[in-house]
Amino acid sequence: MELFRLLSAHPEIKEVFLYSSSKAGQQLTDEVQHLYQIVNQPLRSLEQLPIDKLDVLFCSAPSGVSTELLPPLANKNLKIIDLAGDFRIKNQDTYRKWYRKEPPPTALINQAVYGLTEWNSEDVKKSDLIANPGCYPTAALLGLLPLLKTGMIKPASLVIDAKSGISGAGVSPTKGTHFSQNNDSLSIYKMHQHQHIPEIEQTIQRITGIDTKITFNTHLIPMTRGIMATMYAELDEDFDSQSVKEIYEESYSNKHFVRVYDERTNLFTKQVYGSNYCDLTFAVDDRTNRITVVSVIDNLLKGAAGQAVQNMNVMFNLDEAEGLQHSPMFP
Amino acid sequence: MELFRLLSAHPEIKEVFLYSSSKAGQQLTDEVQHLYQIVNQPLRSLEQLPIDKLDVLFCSAPSGVSTELLPPLANKNLKIIDLAGDFRIKNQDTYRKWYRKEPPPTALINQAVYGLTEWNSEDVKKSDLIANPGCYPTAALLGLLPLLKTGMIKPASLVIDAKSGISGAGVSPTKGTHFSQNNDSLSIYKMHQHQHIPEIEQTIQRITGIDTKITFNTHLIPMTRGIMATMYAELDEDFDSQSVKEIYEESYSNKHFVRVYDERTNLFTKQVYGSNYCDLTFAVDDRTNRITVVSVIDNLLKGAAGQAVQNMNVMFNLDEAEGLQHSPMFP
Amino acid sequence: MELFRLLSAHPEIKEVFLYSSSKAGQQLTDEVQHLYQIVNQPLRSLEQLPIDKLDVLFCSAPSGVSTELLPPLANKNLKIIDLAGDFRIKNQDTYRKWYRKEPPPTALINQAVYGLTEWNSEDVKKSDLIANPGCYPTAALLGLLPLLKTGMIKPASLVIDAKSGISGAGVSPTKGTHFSQNNDSLSIYKMHQHQHIPEIEQTIQRITGIDTKITFNTHLIPMTRGIMATMYAELDEDFDSQSVKEIYEESYSNKHFVRVYDERTNLFTKQVYGSNYCDLTFAVDDRTNRITVVSVIDNLLKGAAGQAVQNMNVMFNLDEAEGLQHSPMFP
Amino acid sequence: MELFRLLSAHPEIKEVFLYSSSKAGQQLTDEVQHLYQIVNQPLRSLEQLPIDKLDVLFCSAPSGVSTELLPPLANKNLKIIDLAGDFRIKNQDTYRKWYRKEPPPTALINQAVYGLTEWNSEDVKKSDLIANPGCYPTAALLGLLPLLKTGMIKPASLVIDAKSGISGAGVSPTKGTHFSQNNDSLSIYKMHQHQHIPEIEQTIQRITGIDTKITFNTHLIPMTRGIMATMYAELDEDFDSQSVKEIYEESYSNKHFVRVYDERTNLFTKQVYGSNYCDLTFAVDDRTNRITVVSVIDNLLKGAAGQAVQNMNVMFNLDEAEGLQHSPMFP
């Protein structure tokens, strides 16, 4: 829905078609009351889509679906942006282990570019198949990569404590997404076992050359949107607060969607609500020689649909921020 | 903040200046972290504003402040849109009774146009001073006026049960706006005594000619934004569901921001979150010959800043929806 | 769960057995983590229950289940308290219309006593089969009965605007109970069609002799527990604030669980959280000659399990408040 | 309020007197509507308290107040339980550094016993002055002490990521406790600078002999009550999941209020809501040789009032769980 909302308002998009395997023929607004009288189009089956005339296809399905759906559509003069996990993991055994599914064909996996735009825009620009990053990896990697690349922190010491709003748990009604279960309560889940772990490790390896294993836990917070990653590492002794701040500013000075705050700013997730920003702060603890890095995103925007549109912009040589320039909405 | 957000993204606005009596000289972003690196301007004193060059001035202060601030600025080739209650009530004794404050000068009160755009756009177009409607009156009146104007309901039977998110209670930290007081709880306040009562009654009188007194109660809901008005009246016996639906569709068919849903739709406030829409439904109760009308708005948009921008658009002969065309944000 | 919690801590209860049709054999704590190491007993099938040795059986199933389950167990030296709607409605056609189910056998319906303890304790005391009231009817009736019985309000003018926390929508995960659907949002549902309407009307008739039809709407509030009923009626002209207050105090002076607050108190649902209290206030509107009555309960306590235990106490000649004397929990 | 609620229902408490410096003379229920008709006593000045006849005095004031208030009352045949930070820190310079206040007299600091009941009950039993632990330290220490004491984890590797409901931020209305600021949002605050850090380090030192410095961050969660501490450490290579589980069970097998769950249980804060339990789980990460320990408490019970009553029970040779035996309340 967020993707649709963004594309509908995007100045360079002429027309958007909606595909649904299970609900083809229904009006979108049968399901989503808030778009009543705004959207007047049916959900289509694959056959009803004018594939030949499309420039770009976004696929946002539960993991495993893209593996079936996308191979026949790839390499057909159609750029594809996949928002699921299927094409993110290069090593097929790793994929099998963490996703407990069969991976897509090797050729396509190799072809897919990991769309962490701020760190990969040259490859994104040339690609026809984007594996759009997961929500947690986006928040974590944007915070960590500047420090890892410059050797400021010790990779083996990395601990990531991640917190997400409940929209991250999907739209299916389950015991775990029931209001009464989550309201006024905070939970931890998938301890050390979240499938985003290999995605983070692989990207660290590919971008910084560092081979490391991270400790990573995820929590559900009684809020709809938003992710905060609180990250801990030992700081190499040659560095201090000022050098950390400089590295961040250098890394992101010309990146529209990453905002670097002063050390020890009390970040909160709602400061990026509804926007494509990733906001960062950090604090150096002289007592323990550790650094805490904090990153917040809107999981449905920078953590999913927003970053997908950002990648589309880059793929089509548009301004990276086109259609994404609205401020966060607060309160 | 919402007003500023809307104006910053408005295609016809060249420049926005920010005035603050108490914080002139400070950067806006000292207070509002979410606009960091988006807004880079100081809050100004009145003297620092280039009044001569401004086209329009929005005033959004606690009630009583506009009474002091605006008279010297009125009738100076500057259109004014006041978001407070000061200029809404025509009868000065009524104002004194409900606001417990002295009203502004009579000439200005008479000059002020009540900016319920859907019902008053001809007057808004010609006006230089708009009293922008209150949040509750906007939700209530858009639901009631079609039925009152056509004589479908009995005015004396009107009961309005209004519910608001807590942003409606202002930004000042008080016992009443404390998180722990409001979270996981629902409260009633100002029973029969809310200052929006005379505003609703006056507007009913001016638009439909009906002199009536309403019963009106307000509740605080544990959510940030959103208003729902659930309204009850006896239905004149000549009418039924179909005629009610027709009257609503007729009244709002060419109004961009009012969406009429089918009878008995389960409306929810988040279906208008972040948008300028007012969504309506109703249900006729054949057992009691009563009708329930339900109206939802985002109190900060259609209930305040959004409607103010809508009025500005009309005043300057722009498309009514300019700068307000974004979809609601859900979930 | 609340019932089990209350009974486990009740000083006069020797042993509690748990029955489940679908999960017999499982440990209760497989489902309910918060009772780990507190409860160590399995869920039992009907056959595994020592029916002969039981003094009282509580049945808390979706409506329709008791109709099947309870008839074979009735009139067997076992007192039964049913928390569902099955035995509440005396008129079988009314039951069929509102519940769209077949009612239980006539003899049992006639035998069942409606357990609104404050108004029916003499009958409760002698009964072997209690139809425990619904959550909305409990809140509404405790507020209305004193005024209706004394003729202070005009029955035909009655409007009830009811609001409930989401635990009232059941434990099943559905689109309607999903966190992201409900969080930060307020919805209206079942307009004029809630099955609690005939229960309220029937009880008004039986206790005050007044035959009337009510207008009744229900809303879901983004909170777990709590019900507020905001009720509107025309006040007979012979009465004023003081006489209303007197009638309430007279009606409930010796009722442990009904607290009458001063006129125009800002009641909130959390002031009864976790307790068996029903708190009441009211406001007389001299402008419209209408009265607003406000009632708040914890829907899981006074609106279900708490009132069931209160009824049990009365049935067994215990102190009405036994095992229910804990204060509300705030914040 | 929670303390008062617990003491009022405690079977061994005869009478409770309430003291307030600022509101002496007022009825308690002027402030706390939920106790209306339950409590009928005024708040008293110090002079109005029958100090000679009291057995125990609880002091729950902002830090710094006890330093002024308690010294004249100490050692007077009156047991004192202080819930603030004033008497917790043994090293006066440490106290000055983290609290930015002058500490109480040395003799009293030395006399004060740190009331982490599960680890200190022998000293508590003999004490007349208890420094009741802070909310975060209670959650953290109960999770960490078994592993530190047995040398299973490397102290220098300790990272504590703590999350609290907003009742932990106090009852004063501030920008930071405003509903609209916190609702649907998650924030980090006091990075590396929370005054509970030296309390945790000191207690580790005193109970295990280990001198270490911890990295500790705190977050505000949009919920009223509850704390979760997610804690990370390197596991000594001699240990595995099973040995960890055994150590926990051994440490807490006879401790009423600590429940040890299976490895990798999805704990959530509401499973201890309204109760004095501290629930624990853990997960060993074989990939990184790190262990994650998770601890949840109700910050107002085990993190404050509940533990205070638990200490009182021990001081007066009552059953440790007296008056605290209610189950958690869920949902």
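Of note:
The chains carry the letters A, B, C and D, assigned in the order they are written, with residues numbered from 1 in each.
Everything that follows uses one rule, which is that contacts are C-beta pairs under 8 Å (C-beta built on N, C-alpha and C of every residue); 3 or more make two chains touch, one makes a residue touch a chain.
Keep in mind it's a predicted model, so treat the numbers as computed, not measured.
Common neighbours of chain A and chain D, listed by label, are B, C. Rounded to whole angstrom, the centroid-to-centroid distance between chain A and chain B, based on C-alpha atoms, equals 37 Å. Each chain gets a centre from the mean of its Cα atoms; for chain A and chain C, those two points are 46 Å apart.
Contacts with at least two other chains are made by residues 167, 180-181, 183-184, 222-225, 267-268, 270, 273, 331 of chain D. In terms of inter-chain touching, the protein chains here all touch one another pairwise. Chain A makes touch with chain B in their complex at residues 1-2, 5, 8-9, 32-38, 167, 183-184, 224-225, 259, 261, 265, 267-268, 270-274, 279, 325-331. Residues of chain D that touch chain A in their complex: 156-157, 159, 161, 163, 165, 180-181, 183-189, 191-193, 213-215, 217, 219, 221-226, 228, 230, 232, 264, 266-270, 273, 283, 285, 287-288, 290, 292, 294, 331. Against chain A, the residues of chain C that register as touching in their complex are 166-167, 171, 173-175, 177-184, 222-224.
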